[in-house]
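The first chain written gets the first letter, and so on, giving A, B, C, D and E; residue counts start at 1 in each chain.
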Amino acid sequence: MALTLSGRSAPSAKRDTTLRIVAPVAVGVLVLGVWQFLVSVVGVSDYLLPSPAAIVEQFVEFFPSMVSATMITGLNALLGLVIGSILGILLAALAAGWRPIDQMSAPIVASLAVIPIVALAPVLNSMFGADSQFGRQAIAGLASFVPVFINTLRGFRQTLPVHRDLMKVYAASSGQIVRTVTLPTAVPFVFTGIRIASSLAVISALVAEYFGGPRGGLGGLISTSAASSAYPRAWAYVLASIALGLIFFLATLALERLATRGRQRT
Amino acid sequence: MTQLPETPVAPTRTVDAVTVTGVDKTFDTRSGQVDALTGIDLTVSAGEFISLIGPSGCGKSTLMRLIADLDQPTAGTVTVFGKSAKQARLDQDYGIAFQQAGLLPWRTVAANVGLPLELHGASGRDRTARVGELLDMVGLSDFADRYPDQLSGGMQQRVAIARALAEKPDLLLMDEPFGALDEMTRERMQTELLRICAETGAAVVFVTHSIPEAVYLSDRVVVMSPRPGRIQEIVPMGLNRDPAHAEALREERAFFDGVTAVREALHTGSPVPTGARGVENR
Amino acid sequence: MTQLPETPVAPTRTVDAVTVTGVDKTFDTRSGQVDALTGIDLTVSAGEFISLIGPSGCGKSTLMRLIADLDQPTAGTVTVFGKSAKQARLDQDYGIAFQQAGLLPWRTVAANVGLPLELHGASGRDRTARVGELLDMVGLSDFADRYPDQLSGGMQQRVAIARALAEKPDLLLMDEPFGALDEMTRERMQTELLRICAETGAAVVFVTHSIPEAVYLSDRVVVMSPRPGRIQEIVPMGLNRDPAHAEALREERAFFDGVTAVREALHTGSPVPTGARGVENR
Amino acid sequence: MTAETLAPAIRRRRGAPARELARWAYGVLGILVLAAAWELYKLLGPSDGVVIGDARILPRTTDLAMPHTWDMIARLFDPVTRSATANPLWLEVALAALVTLGIAAVGWLVGIVVGFALALIMQRWRLAEWGLLPWIILSQTVPLIAFAPVVRSWGSRIEIGAFEWQDWMSVAVIASYLAFFPIAVGALKGLQSPDTIHTELMRTYGVGWWKTLVKLRIPASIPYLLPALRLGAANAVIGAVVAEVSTGMQGGIGRILIQYAGQASGDPSKAWGPIFGSIVLGLAAAGSVAILGAILRNYRRVEINA
Amino acid sequence: SGPADSGTGSNTGGGDDELTEVKLQLQWLPQGQFAGYFAALDQGYFEEEGLDVEIIPSGGDIVPQDALANGDVDYAIAWVPKVLGSIEAGANVTNIAQIFQRSGTLQVSWADSGIESVADFEGKKIGSWGFGNEWEIFAAMAEEGLDSSTVEIITQDFNMNAFLQGDIDAAQAMTYNEYAQLLETVDPDTGELYTEDDFNVISYEDTVGAMLQDAIWADSEKLENDEDYQDTTVSFLKAVIKGWIFAAENPEDAAEITLAEGSGWGPSHELWMVNETNKLIWPAENGIGFIDQAAFERTVAGALSAVNESGAALITEEPPAGVWTNDYIQQALDALEEEGVDVTGENFEPIEVTLNEGGQ
């Protein structure tokens, strides 16, 4: 079965599409069922691991606060993602155009790629002030910057030699080359970078809330709820943050698909 | 294939299309110098079809790139229609097609064909008209709004040829344009190329690996030998290239003789390991 | 090319190598059913060399995959040396080679050739000996410790052929094995393949797009036509395939006649768009 | 993760020594330029930063917010505290970094085992891939901090004979949670990477899934696995640091990170020590995978950018 | 001289198997705030009582009462209001000793800010650490009719930079820690350290919002059913009391001990912390750790009235009856008094501590 790579039949093609949706849902339901079973029947203490039912109940009860918290954190993540992506693309363009910039930025980008957000959050908070959301946006921006930069730079280097030759043949100006070949080639890579960055932006914006600033975001409420042992509520906020992450992921995935529409697989 | 609206043009220029004189090309690589070409002399008349053939690495592509001014010779000169290669490139005196069609995947067929016109500032109206003409010529009018990945390899190659013809060049440079196609499609494309050349009167420098292809298409076949790349022999073909006759040609005695002549010229340059081989040249 | 230590083996099996009877193959795709093959009947005798030729999509690869038991027919039967295709696969009765050499890039040439032996538990000693023999046969003894990326395309293809021969199969299946090579290398490989076949006495089913290649190599050329894939005609070749004569053959009248015959058979199946075409069959 | 666009295979070239040297020189220059920009902005920028509307788009330049680079460096060589037995800051940071590195390594190994096992299951059964992959992707949107206490609490109940759950194990588990993800995705991509031609070849040899796995899929996965392992190593370090902060484990860099952050009002330069430490730590972890790559270079004859 | 020589955590019995193993969960990193426990360990008081105590520090997300409720540890140090929330969520824990008799929480603003009382918070940016440390603020604000819609609550970092840089108008600060951080910071205008005169200080102890802080919590169920645990509890409390008495009498030594246990503060800051912590404990009218019913009820009342920014109340109903007990602390106090130990600290005198820059 793993080795048959030949074509699949039409009914099975339809079945595949169904299974692709059913399978993950089934896994989810199964896990939730076992979880609920452990808590409500086997009697695993629901103190630390609340039952799914309790979480949903809290989610509903605190729905307005869920929404507002998701908006606050989501906005931070979004602004961070946008700022980080723009910076990443601009710097990548510079680095692609001028090799020394690339080599000079290498150690800095490598460092940014491995630095834990928790390490930078307190420092950035002092630098940008704890009274605004900007520190968090800056953190989400930094986290987004790295994958966008790396992927964009790679994208700028993907121009096919045959396309370069073609442009030379047409005696195209460097502006024309960038517009007609370099940029369109890089676009799918840029969007791949943005997709990878989107999850990072959300997580970073969330974690940054643990280190000070205005309250009301998801991160802060998760910790506040957990600190008073309101675990079902804490997990309800976690649920909201998963939903937020998912929205970001799906939105950027859709963007990526849009950008690569009608492209040849090379 | 629809008939081209314009009447076929006879070659108007009297000056030679390409003149290559004493050209050497050496590449500096990490592992030392590579002599890709030495002492190349070649003249291509206006409207003439010549093929470059030879084993891999003999410098066919390099020679074509020198003519296209995509590389500069280490020694010697290349002139195109009496100008320097660079000037000819800037004047868009030639069109070019490569082994990979090299279409821009994010552009439709029409936008790909119109690319050179767009880059050189042709007005939208003129462009649409010319692109329509060109797509007619290569028989792809129905595919104008498709993207390259929706086309077969042969169709893509036809788009590339249309693009090369966009600015009505008097010289076409083609580097194994049919290399990736299957035999039958290839034969069809060859016939079409001959028709197009007859219609436009352009000179062609055609790189290929296939002896029958070279023989079928060319006025003269330039046989090259490697290490360092030299011209082994130039084999003139005396075939009747009347389009009406094109298909029958492939089964004629003269065609097979041409094949044999080119084969023997090739084998003189690089010895065949086993079996008897002909040493006579035509 | 070194001489093979063993003496050439005459085909020992008396049973036919391949028998295909009334085979249909239909693919279900999203856009509906595709009839890849219909009513295929074909027998390949032991030691016989047959080529499958035909336009792209006519089902050549599909037919070969059915023989190799990489796919199952929708109707009809395929037997290989009198057994079911599956049994023949499990018994390693055939060797196979594809258009891409398909070598494992992380294995040396020797380890690639030895792969099937290794998988079937041959002892290290036996393996080394057999790999040495095979590399001798394809003339790559000096490259045993190289990696595939250090070889030219032709050399890679020779390694793939050596690998296909590793278990001394009585049947070789080859799907456009020389498709990616340049003309000169290709001719050389063809000559070598003939020699190897003569040495091992294996039957060969050879898929190709090149008419001269099919004519040069085969005892019989199976010409296929597309939509749905059928056997158009089986053209027998009566050429003198004595290895000493191999090279001269390409320039003989009989060879060109064979080419013409196959061309015409091909064009009967799929009409040629322009020009006159022969309708006579041999 | 879907159709990750892979760059065409490229051959790794070893640069000439001079070029290599230039690369390093430019790298150092880059750091110096960054430091110079920091100082220049600190000199010229307004002390309350550049504020447009409500947003401070450039940071404050006070010593509290932006200590001098030389102060940060100098602070590394001062003792941690004035107590007589105190180590210099860099040593304290280095010791803590080593502790964290050890834990991250354990987490990384666990992540490799789990990630690879998942990839195998998903490769073997298409249904498993469809059922699990979305959840694996989703798992990375769960904030780590949410379940650090749960892990610690569950762990503390594990006591089998002489084996007792240690705090650092909770940290390692959380580190592995971040590390397994790229490895699972990369390994899956790698295991699925062999061309049809190769899998069919194995089929013509009449061998089953296991032999195909050992002889074909695993070797073929290595070019995909190496970048995944590198990402996994960096993630393991990040996870370990976060988990140390979260569970309050002693001895590691996460602990001194919050401790020194707490002292930043009186000693702003000190807080940068563990930041530098964690960068070095992450680079070391990611760099050590490069050694693995060198050992396995014969398996990377086709280079993949993942 | 003591088991502390081999450090915490590692001395699990070491052959001396008569000792009862006890785990104590702190609510933060090791520091002077917990000097009494570390002193009891260092001075061998636990050992004298037949206990082998492991002190477990905590970090950002470890909730001590949860660790206790889950059976991870035997005793936990935690603030009363936070535990009240946990109890309502189902934690079965009992306050057995109210070590801090007074609240040490301050709201610090600049001297010229005009924030003199909780009522002045209106429309201001008020700092708090979150993690359940904000309930005193919400309770005090509730009394003044303020809530998160009229006061902007901002989460503070681990340090006072947000306040020093003017991001927040009034910062939450513990007398023993953050307030000291302010006093060890150089005023960029004068080049000298800030002094107490530079700040307005509101002490929650003086407001209705005051809540009980560091208390020792035990597992209610075991307390009820497990006699060994009851005995251990009394022994444990005895040793803890002795530890705190040691810290009161020898603040310098106590500071040394916590520094050796891994407190990362500078020496002067550590000493300040021990000294200020002592002030929150001593004098203890009814003996250290004795729970004052009135104070407890006031905490409960505050917790009932406080509503945070997500609209959630800390607790919605009175905690169950068994939430605190003086039984065990009383036994421990009595036993010690019999030995002639002063457990009220009648004569307690804090020392004067001079803070150095950066707490050094």
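Here is the rule we use: a residue touches a chain if its C-beta (ideal position, glycine included) is under 8 Å from a C-beta of that chain, and two chains touch if they have at least 3 such contacts.
All figures in this text were calculated on a predicted structure; none of them were measured in a lab.
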Shortest path length from chain B to chain E (each step joins two touching chains): 2
Best-connected chain pair, where connection means C-beta pairs in contact: A-D
Chain centre separation (chain B, chain C; CA means) in Å: 32
Geometric centre distance via CA averages, chain D-chain C, whole Å: 51
CA centroid of chain D to CA centroid of chain E, Å: 36
CA centroid of chain A to CA centroid of chain E, Å: 40
Sequence positions of chain B contacting 2 or more other chains: none
Where chain A touches two or more other chains at once, by residue number: 48, 122, 126, 129, 132, 210-211, 223, 226, 265
Residue numbers of chain E (touch at least two other chains): 60-61, 63, 66, 70, 157-159, 161, 165
Contact set on chain A toward chain D in their complex: 1-3, 5, 19-20, 23-24, 26-28, 48-49, 100, 103-108, 110-111, 113-120, 122-124, 126-129, 132, 134, 154, 157-158, 188-189, 192, 199, 202-203, 206-207, 210-211, 219, 222-223, 226, 234-235, 238, 241-242, 244-246, 249, 253, 260, 265-266
Interface residues, chain D side, partner chain A - complex: 2-5, 7-8, 22-23, 26-31, 33-34, 49, 54-57, 59-60, 64-66, 123-127, 130-135, 137-138, 140-146, 149-150, 153-154, 196, 199-200, 202-203, 209, 212, 234, 237-238, 241-242, 245, 254, 257-258, 261, 264, 268, 271-272, 274-275, 278-279, 281-283, 285-286, 305
List of chain C residues in touch with chain D within their complex: 68-70, 89-92, 94, 96, 98, 100, 102, 104-106, 115-116, 118-120, 147-149
Chain B-facing residues of chain A, complex: 160, 162-163, 165-166, 168-172, 176, 180-181, 184, 187, 262-265
Touching residues on chain C, where the partner in the complex is chain B: 1, 55-56, 152, 182-185, 187-188, 191-192, 195, 209-212, 243-248, 250-251, 256, 260, 263-264, 266, 270, 272-278
